[in-house]
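Two complexes, one shared chain (subunit A), two partners (subunit B, subunit C).
Take a look at the complex of A and B:
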């Protein structure tokens, strides 16, 4: 009963946030497009036909096609109205509906983020648990150094490093591309390793805390084997702390997606966004920016719901903020 | 009370902080003096294509025969100046709005909180990217505005939460009973309590800004060539990785030193 009500509260709060984000991104995109130097339609026409072939007639045609000749508030209104109906327009580069393209790129981004999260949790989690089991040991010190160096390396440098080692020196993995399964490895490793430092540190702290708790000690007293205590009691209770923490990193993850996809030419939303910027593909740009921002909110929603499931203890109102 | 218990920790961390502080001072000095000492970062000399480092040219020359050390100095200055300006703007804006929201409460608080709820869910890199990429071809103003707009919400949220606590404390209540005025409360109660928090946030913000800038440069949607910028220098050097590894190494080392020293300046207990 209360569980359902709290789920509803989470969904309501997050949808409000999603609406706010959608509005903010739309306004931002719109203002930015309005402030473009020179005649936007001329630029777009030039991008389409080449700078030698473009003339004022072509620019006027583009302006009429995009509705750029109308006053700003009308343009904004019609973009919002179309958005509410799920119509995102057509890409200026490929002429295909933006919705279709978006679905394709979203799949790529979800594959990448899923694989990256897996890497982060597997590597960060095991490093964290190892460090927590032997505090002050060599493993612990190595883990601390690892966490600090990953924290200071921006994703693009980490990616370059991985490319140099695994593609250039060892020749094990393809550096760029999209399609076969091996091309996912390096981008996912880059994103995942970047996050794994944070995961390792939080895991270490929580596992140490949980390990010294009374219920774990009681489990030991009952004679339950070490491994079972770790799996049943420690990991599950640590997850209650770790999952919301991961949720707070969703923004970092999406920022990383933009960089890593561009670096490795992985066909995802970030790559599409950067391309749209390059080609001044305004409908595509608005849509990808919107999708990326909404992805952050959706990730946070999923995390909220998982936390509700993992931790059924009643909590204070507003504790989920 | 808190100062007493924190004293040993404070002195311990302070001793450890001289390493990052020295690195940072050296980098700032390089950024301030370098552009005056070395030749123009744009002067090309194609006969000195990919010249290796030497005594007169400490970091060699790039694929257009431009002096790498001079470009590096300009890039470092650009990073530091733009990051400090945008962080200062975000800090001022966020702190002012946060204090106002905590003080006035009511509709102002609700409106500002609603806006911040949306901003907090938006990736900073996305905002900066939209500004930098579309406003003009590599305009510094756009980058500055984008960086400031992407960061103000952090200061707003922290200041609002902390200021609400401080304003409700018995000390502030006493000050109000004594009719000491708002300025007194701000100067004697708010600012001293907020200062350490804001300093930590600002050093983190500098890292965010510097990294965002170089990331955009790296994926070629930020500042445009021929401007000397750390991220741009890294991408431009990469094709020559085999023939001239120092070209890419120099900006990478500077970028890494900048972020590590800024992160190292934070107090230990604030480390996130």
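Take a look at the complex of A and C:
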């Protein structure tokens, strides 16, 4: 029963947070766009017709059409009012509904993040557990070398290396693109491999800690077979530490994949954000920033709920006599 | 002869230093063997060398026979297949020996991993019922008291039906009631024809278990014999010193100081945790120089009350005022587990020097205090994990004294130390405290409270607020 109550508490707290974050990010984002150098209507017109065809008349027409000559607070107010009705507006550049475009990019980002995390957990987790089983052994040293190598490689270089090997030399996978299932592999490997080093390191430390804990020692002296001890006691208690860590890494993945998205022409939120900034596509920009902010809150909520399920202890233990 | 455990000879060394060397240990069904002695005397190492659970950096030689079957103690894996079925360990700190993420019954049933799940579950339930905890089967360990956790650990350790039970320092941090229940469980194990080896510094427990007592000091057994003989007519001087360290026999009880200005005043304070009232409408005043003890069994709210008086937690109702004399850092707390109150990876001296800088006290006092606390100053260059629990608690006292406190709040500060170390540590505390410094002691040990303090507040189960109607 208390589990359900605490789940409710988490959801309530996080929804409040989501609302606050959404509002704050929207206002900030709007203010920043207003402050960007260059004439907004000129840039939008250029986005629509190309730089060569833009003149002052075209810019003025755009400003009039989009109401860009209204005071900023009015523009923000009407955007907010529309948002309250679930309307994110239309892209100033493509004129398509922002909601549709956003859903497309969001899906791209989630696919890439999910696949990269999976790669990182599978590789990093296994390497970490193997190294933790025999600290100081050859396996452990190999794992350390692995961690150092993948961490030392910046994503764009790792990405290029993967393209060279798997696309150019072997011809197994497409180098760039977004659409068929195989195009996901290289960007996901690039991000996942880079992350797997950190995951391996943290997994190793966590598993060593848990393994030396009294409850694991006690499980051993009760005669429980080693594999069962690993499955029943070590993995779950390690997950209590690892899940929040992976949550933080997932956020970095979502927000920091612009380089990799650009490298592989993968259409995700980072890609969309850069283009929206470039063309001053304000509704698109607002919506993308909003989506990113809410994604962070949602991810944190998911992490909270998983940890709540894994570890029954109260978060803030009061002083007990 | 079969049906018994014989250890002919055992020697544990670390880089050439002998930590344990003894022999002639025989465990027979129904007769307890209890090893007493101060921390660091090697008594826990003796137990773990029999089980095969010593840290790998320690070298063991020796041999034991169980039912006539020989085992080489040097090979830690030779007894692995006996774990849980023939040899069982009831570990120190049972609260830490239970997996915090697993419900009690599943955890107890875990030892029967070869049996079908339904059988294991049923037998776990029976085992929990036998230790009086059937009601806690679906609880998580963090909701259990220290005594309950220990009984769960007992059920988990013995569910495999092991005849040889090794119990390592079972009385740490337990109150009198929990200790009674533990003693009853161990006696039941003996009565059932079990073999029992207990490592403890609790003389009362040794007496209750009867049988043989071994007294260990610096890797050697200095005295052994029937419990009555060893505890009532000790022949070795060390045993006599150990017995004299029992709080009921302290001969250095400090003189009652005169009370000065009020420091903390609590008026009609109440506090409850959800579903559990702790204290209600309680008032007290601590004056400069007074010595107070808050006593009572585990879980009644002694520490919480102490924390509230020290301003470390809030109360639900009532007021607590502290005078200007207790401004930072003049109120200091000593914790039950000193290891948790020191940073793990920093030399002890670094923390003390920070304190000297932060509060602009005379750094030379570190040496003076170390001298009068009987601490070798070289110890301060080590980390907290590299000194013993008793030494670390003295460093904690040094740290508290450094800032010339007006009130020291000692929260079960010696309950995990052996008798000699406890006596030494408390003696330090009493002798070093400034005459004007008030002392607030939280302890479940009535004899410690009686020996040291003039003002005692006994917390007990508080009565439910009377409601209208008839009481059942």
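By our rule, the second predicted complex is superposed on the first by the 291 of 321 C-alpha atoms of A that agree within 3 Å, B and C clash if a C-alpha of one lies under 4 Å from a C-alpha of the other, contacts with A are read in each partner's own complex, and residues count from 1 in each chain.
Going forward, a residue touches a chain if its C-beta (ideal position, glycine included) is under 8 Å from a C-beta of that chain, and two chains touch if they have at least 3 such contacts.
In this text, all values refer to a predicted model and were calculated from it rather than measured experimentally.
Asks: Contact-wise, after the overlay, does A:225 reach subunit B, subunit C, both or neither (first, second, both, neither)?
Replies: A:225 contacts subunit C only, not subunit B.
Asks: Report for A:214: first if it touches subunit B alone, second if subunit C alone, otherwise both or neither.
Replies: Only subunit C is touched by A:214; subunit B is not.
Asks: Figure out whether A:92 sits in contact with subunit B (first) or subunit C (second), or with both, or with neither.
Replies: neither
Asks: Touch check for A:54: first (subunit B), second (subunit C), both, or neither?
Replies: So A:54 meets neither subunit B nor subunit C here.
Asks: Please tell me which partner, subunit B or subunit C, touches more residues of subunit A.
Replies: Larger number of subunit A residues touched: B.
Asks: Now for A:311: first (subunit B), second (subunit C), both, or neither, which partner does it touch?
Replies: second
Asks: Within the complex, which stretch of subunit B touches subunit A?
Replies: Contact set of subunit B toward subunit A: 114-115, 117-119, 121-127, 129-131, 133-137, 211, 214-215, 218-219, 221, 231, 234, 238, 241, 252, 255-256, 259-260, 263.
Asks: Which positions of subunit C touch subunit A when the two form their complex?
Replies: Subunit C residues touching subunit A: 51, 53, 81-85, 87-89, 91-93, 96-102, 110-111, 113, 140, 142, 153, 156-157, 159-160, 273, 278, 298-305, 307, 312-313.
Asks: Taking the complex as given, what residues does subunit A use to touch subunit C?
Replies: 213-215, 217-225, 228, 232-233, 236-237, 240, 310-314, 317-321
Asks: Mind pulling up the subunit A residues that touch subunit B in the complex?
Replies: Going through subunit A, the ones touching subunit B are 16-17, 20-21, 23-25, 28-29, 32-33, 35-37, 151-157, 160, 164, 168, 251, 254-255, 258-259, 262-263, 273-274, 277-278, 280, 285, 289, 292-293, 296-297, 300.
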